[in-house]
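Step one of this worksheet: look at the structure below.
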Amino acid sequence: MSLNDAIRAKLAAVSTATLTTVLMKRGLRNAFISDLTLINPGAPRMVGPAYTLRYIPAREDLDHLKVFEDRGHPQRRAVEECPPGHVLVIDSRKDHRAASAGGILLSRLYKRGVAGVVTDGGFRDTPDIARLDFPAYHVAPAAPTNLVRHHAADIDLPIGCGDVPVYPRDIIVGDGEGVVVIPAVIAAEIAEEAFEQTVFEDFVEEQVMAGRSIFGIYPPDPSAKAEFSAWRAARKR
Amino acid sequence: MSLNDAIRAKLAAVSTATLTTVLMKRGLRNAFISDLTLINPGAPRMVGPAYTLRYIPAREDLDHLKVFEDRGHPQRRAVEECPPGHVLVIDSRKDHRAASAGGILLSRLYKRGVAGVVTDGGFRDTPDIARLDFPAYHVAPAAPTNLVRHHAADIDLPIGCGDVPVYPRDIIVGDGEGVVVIPAVIAAEIAEEAFEQTVFEDFVEEQVMAGRSIFGIYPPDPSAKAEFSAWRAARKR
Amino acid sequence: MSLNDAIRAKLAAVSTATLTTVLMKRGLRNAFISDLTLINPGAPRMVGPAYTLRYIPAREDLDHLKVFEDRGHPQRRAVEECPPGHVLVIDSRKDHRAASAGGILLSRLYKRGVAGVVTDGGFRDTPDIARLDFPAYHVAPAAPTNLVRHHAADIDLPIGCGDVPVYPRDIIVGDGEGVVVIPAVIAAEIAEEAFEQTVFEDFVEEQVMAGRSIFGIYPPDPSAKAEFSAWRAARKR
Amino acid sequence: MSLNDAIRAKLAAVSTATLTTVLMKRGLRNAFISDLTLINPGAPRMVGPAYTLRYIPAREDLDHLKVFEDRGHPQRRAVEECPPGHVLVIDSRKDHRAASAGGILLSRLYKRGVAGVVTDGGFRDTPDIARLDFPAYHVAPAAPTNLVRHHAADIDLPIGCGDVPVYPRDIIVGDGEGVVVIPAVIAAEIAEEAFEQTVFEDFVEEQVMAGRSIFGIYPPDPSAKAEFSAWRAARKR
Amino acid sequence: MSLNDAIRAKLAAVSTATLTTVLMKRGLRNAFISDLTLINPGAPRMVGPAYTLRYIPAREDLDHLKVFEDRGHPQRRAVEECPPGHVLVIDSRKDHRAASAGGILLSRLYKRGVAGVVTDGGFRDTPDIARLDFPAYHVAPAAPTNLVRHHAADIDLPIGCGDVPVYPRDIIVGDGEGVVVIPAVIAAEIAEEAFEQTVFEDFVEEQVMAGRSIFGIYPPDPSAKAEFSAWRAARKR
Amino acid sequence: MSLNDAIRAKLAAVSTATLTTVLMKRGLRNAFISDLTLINPGAPRMVGPAYTLRYIPAREDLDHLKVFEDRGHPQRRAVEECPPGHVLVIDSRKDHRAASAGGILLSRLYKRGVAGVVTDGGFRDTPDIARLDFPAYHVAPAAPTNLVRHHAADIDLPIGCGDVPVYPRDIIVGDGEGVVVIPAVIAAEIAEEAFEQTVFEDFVEEQVMAGRSIFGIYPPDPSAKAEFSAWRAARKR
């Protein structure tokens, strides 16, 4: 499936909460990466296919500053090769004591048109990252360079990120709450169903804020379903 | 003890820090729920008797979306039955990988006049919750529906929340720092003593900001006690 | 080495991220205290020699409120004796379930001209602390008084703070990202090298934001080094 | 379903590993309680319906030694009321810093004909328990009495034990590896299928130890299935 | 209080479980060090006053193999100076990724007549230690030398060990279950009361194993108390 | 470097403790995999080059029992393709809630002449594995099949195992204490130096057990070095 503009727009209009519910209906109970913080809450919504980078633990004799002189270094390749519109997802083994990347690399990703970046570790230069108009998710700030804990092993293989499996080209969606991973093959139908669910929940929220009980409407009984149809028609949604 | 308006007002005027000190004098060393975040810092102070909801781990064959069609489902009953002015406290076994509740349910609690909600797990739809004028405390955002990790077992039994015991009708107080649990039977005297302590600490803070040493005043020697009495009388507090 | 004004100024002008890189070049891979939050982000940058306070676990018969009547109590002595311009670093054994200190003590430290305070536990009265123009780093708010978990054992001995060794007089530097510990004997050269690195990274950031690849410039090849020299000369930095 | 002798015998003849595989085929992925140690490995295999005890965190004013003078105390009632042939499963919130029970209570359970005991906390008097001919599973020894951390809240409600849901009357099976929880309603069919699978795996193990590759036999292709049928017939299993 | 032979004998005859109960009656709820393993279960019971060693995190430039050439190195001093009959208790900050000590040092402690050794980290050379007739308690084997994680800071100061406060000269008692810390000033009375309690529990255990209910005897009603007196008199205990 | 018989013999004759010290001298401080248990302590010492298997988190739609019908499944390929004399090292992301492998697969590895197996997760069928004459290291028993938590992603890539980097062909050595990872390129010199160190420590241990102080001998001064030379010559070691 290619992530066409219509699907991308729908995914950007729904919440990660709604997406996880739709995934759960298909038996996918482990699609949300917990414990992430969005460093720059004003950034655009993040939607895009996954491109991955994998770290293993560092080894003192292999991981020193000279490695970055090699253009084949996987971290630097990931930054220059992650396709525009994609999301760079980094497996840092949930270790945020050293940085997965820093301000200069994230600036480069942003300028290259990448859709966002996610790590289950931490970023450095986070005060600078907070000023980029670019969605960046991590666990906690990590000033030390990646070399003190992480060795960039390879790119674009299946990884785990925050205990969630991520395959290259899975669709990654982020909002103010966190990040959800959608298998590529079902992304279109998930987008559609989540969009529908969102319209319905807007209706419910409006009713509840008007003082109505959740019983009979959340989930809806036949009468509430009819009511919703009328509400929706009236609003042309 | 009923939580009358005077006691409620005093509890809303003191900090959780001061309350824990007063509780500690009575040998109660484990009354503060750690690791909580107040999602909506501009919300009113939270004070009210506890009403509880208990989750156990989910089981795939029992916990699916159809369960919400049952009006007897404990989560939904808790939302509709928690008395106005009470605080809904949820035992989520410190697991914030799935939601304890979400935006629509918290909207309903708010509209019903509930005083606040606390979980040692996470809420979903937190960007929406942040806009409610309603105090909601959790550990971290959790987009997935409760069903993927939690099974609502029962309501209004004694529970643990963040390693703290909570009995129905205990008095729950929250501020910008977190949440404290006060045994109902001593709430009035705790409120009184904490209020007195707060006035004294305002005096100390004023003195310290004026450059005075903490020695002799914090704790106060007889001379500082006299000084405080004069200060208090002058301010009619 | 005394921390003269020039070194202090340089350390206040560089990030903890850059400092950890310079330390890592000397084989020091464990100098950043993770998991800290700066309570008051608008406070001045924190730079100063370490003065330490060590907690061990509390014992019920020894740790009660009367201990504070003793002017020799190590917590109170630390607050009154930490030299102006120094940073008070507290070993709380990474336990933030009780406070390392609270608003009144931090106000006193601030008024005494102390440069900042760091704990690997939590502070209480954090809404008040957030209003002080004084850098305070902790892990999470902790309303309960230190006595319920911590016993102040001694002052100005070597400690661990967040798994990082801290020796009295080490130079402590904090920014929006966290806190780094620099051995006193190399602080001057670290400051110098980090300052140089910062100027270079400003150049790189500017180039990257103008659309340039990181290859050839980060790290720089000979041509980029020449370019940087010209850039720097033009800007008189 | 009553746990008749034939089912009980089959469950005692299969491993918890095989049982989890059979449960997983039905979508039940969370049925094994991890991190348990069998204190007395020479004890009989444990099989029986669950009877539960739930602890919440202790409160200093409620949990003191006098509580045991009350025959209605839930821990003491559980020990005297858990039916013979049942397994007492204790929710200790995964906290093994205080005992869930000790040698005298476990002796009483043993003498009363209870089938075994499981806690996700710890037992005390473990050197004594190791000499009982009675299966007892816990996480680690915990010398302190339950009162310092645990308050016995109630008996025979649904609980969590080691992150696994346990409903009264679920069938609990233990072996040298740990403990599995089987929903009562499917226990008979699970027992049957696991027994069949065990016979097959005995065949596979024999073949593998004779030098055969796992390919074609584990899982079996049609030829290996036929071979197994012959093997089984020859052994009259 | 000096630890005379009579007290030492009583402490060696009671369990850590019983000791924690007696301590809890005096309000001391945090005296048992959890998560310890006795490496050599056949070793004599461990009883003796505490002598302490404190580690802080290692620093690469300070902690290298040459440090052991200094006879003033605190780890080596502790091994040569811990008085015979005392227990060496080591604060390793609950980090067992590097050794607190190894086989040769423990052999030396054993030969010097030290009563035992406890760390909340790990020992190395544990297969050798398992053959010493000397009680050694740790969390898990740790092959790496202490230098990779630990810096020996000082000796015979108050420390924390496994979240329990330990003051020099506190009485340390170990059995097959773990280690308990008794304030020196009350050690004699604790020994006495625990010894009495042990005789009583032997009576209860005997009764329970004969088929008696715990009600009425554990805790004992007046009739059971009389029965116990007779039982005790008959056995001259 | 090929792992010839002489090197293999030396590595089998030294402890992991000694090997970590020799590695630490070369700046390699993170070579020991902590928290492992040797399931079958009577098995031969484990020495061999690493062959790796990598798991990522499972996904419900991909990880079901049918996957094992594919001979290309990485777990099954690893079992059939790991070369004789090599050690299979498995990256299970430190998650022992599901099995990395079970009794039948370990039997097959054993029969194929593999030198041992290591996971930072758990094995199932551990009572059976305990009877194999084959070294198997894991964290804790895990009855559930790997599919409920783990997806076998690929084989023979660099991995992390228990926070330690493992590259294919690194030399893996296990003893009763745990497992150490030696970079292939220095394995011969490490073996040599560790062997020498072992002879020396045998001398020291003998001296210490004869009552000698560690001062002057551990580390040795010139006189002790001479003494050791004589001791060694006399024993022809």
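Chains: A, B, C, D, E and F, in written order; residue numbering restarts at 1 for each.
Following the convention adopted for this analysis, contacts are C-beta pairs under 8 Å (C-beta built on N, C-alpha and C of every residue); 3 or more make two chains touch, one makes a residue touch a chain.
Computed from a predicted structure; not experimentally measured.
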Shared chain contacts [chain B and chain F, defined touch]: A, D
Relative to chain E, chain with the most remote C-alpha centre: A
Chain located farthest away, centre of chain D as origin (C-alpha): C
Length of the line joining the C-alpha centres of chain A and chain B, rounded to whole Å: 32
Euclidean distance of C-alpha centroids - chain B vs chain E, Å: 40
Centre-to-centre distance between chain D and chain C (centres being mean Cα positions), rounded to whole Å: 50
Overlap residues in chain E, where contacts from two or more other chains coincide: 27, 29-30
Graph class of chain-chain contacts, one of line, ring, star, complete, other: other
Chain-chain contacts as defined at top: A-B, A-C, A-F, B-C, B-D, C-E, D-E, D-F, E-F
For the chain A and chain F complex, residues of the former touching the latter: 26-30, 56-61, 93, 151, 153-154, 157-160, 163-165, 183
Chain B-facing residues of chain A, complex: 15-17, 19-21, 24-25, 29-32, 34-35, 175-178, 180, 201, 204-205, 208-209, 211, 213-215, 218-219
Residues of chain A touching chain C in the complex: 65, 68-69, 71, 76, 79-80, 96-97, 99, 102-105, 107-108, 111, 122, 124-128, 140-145, 147-148
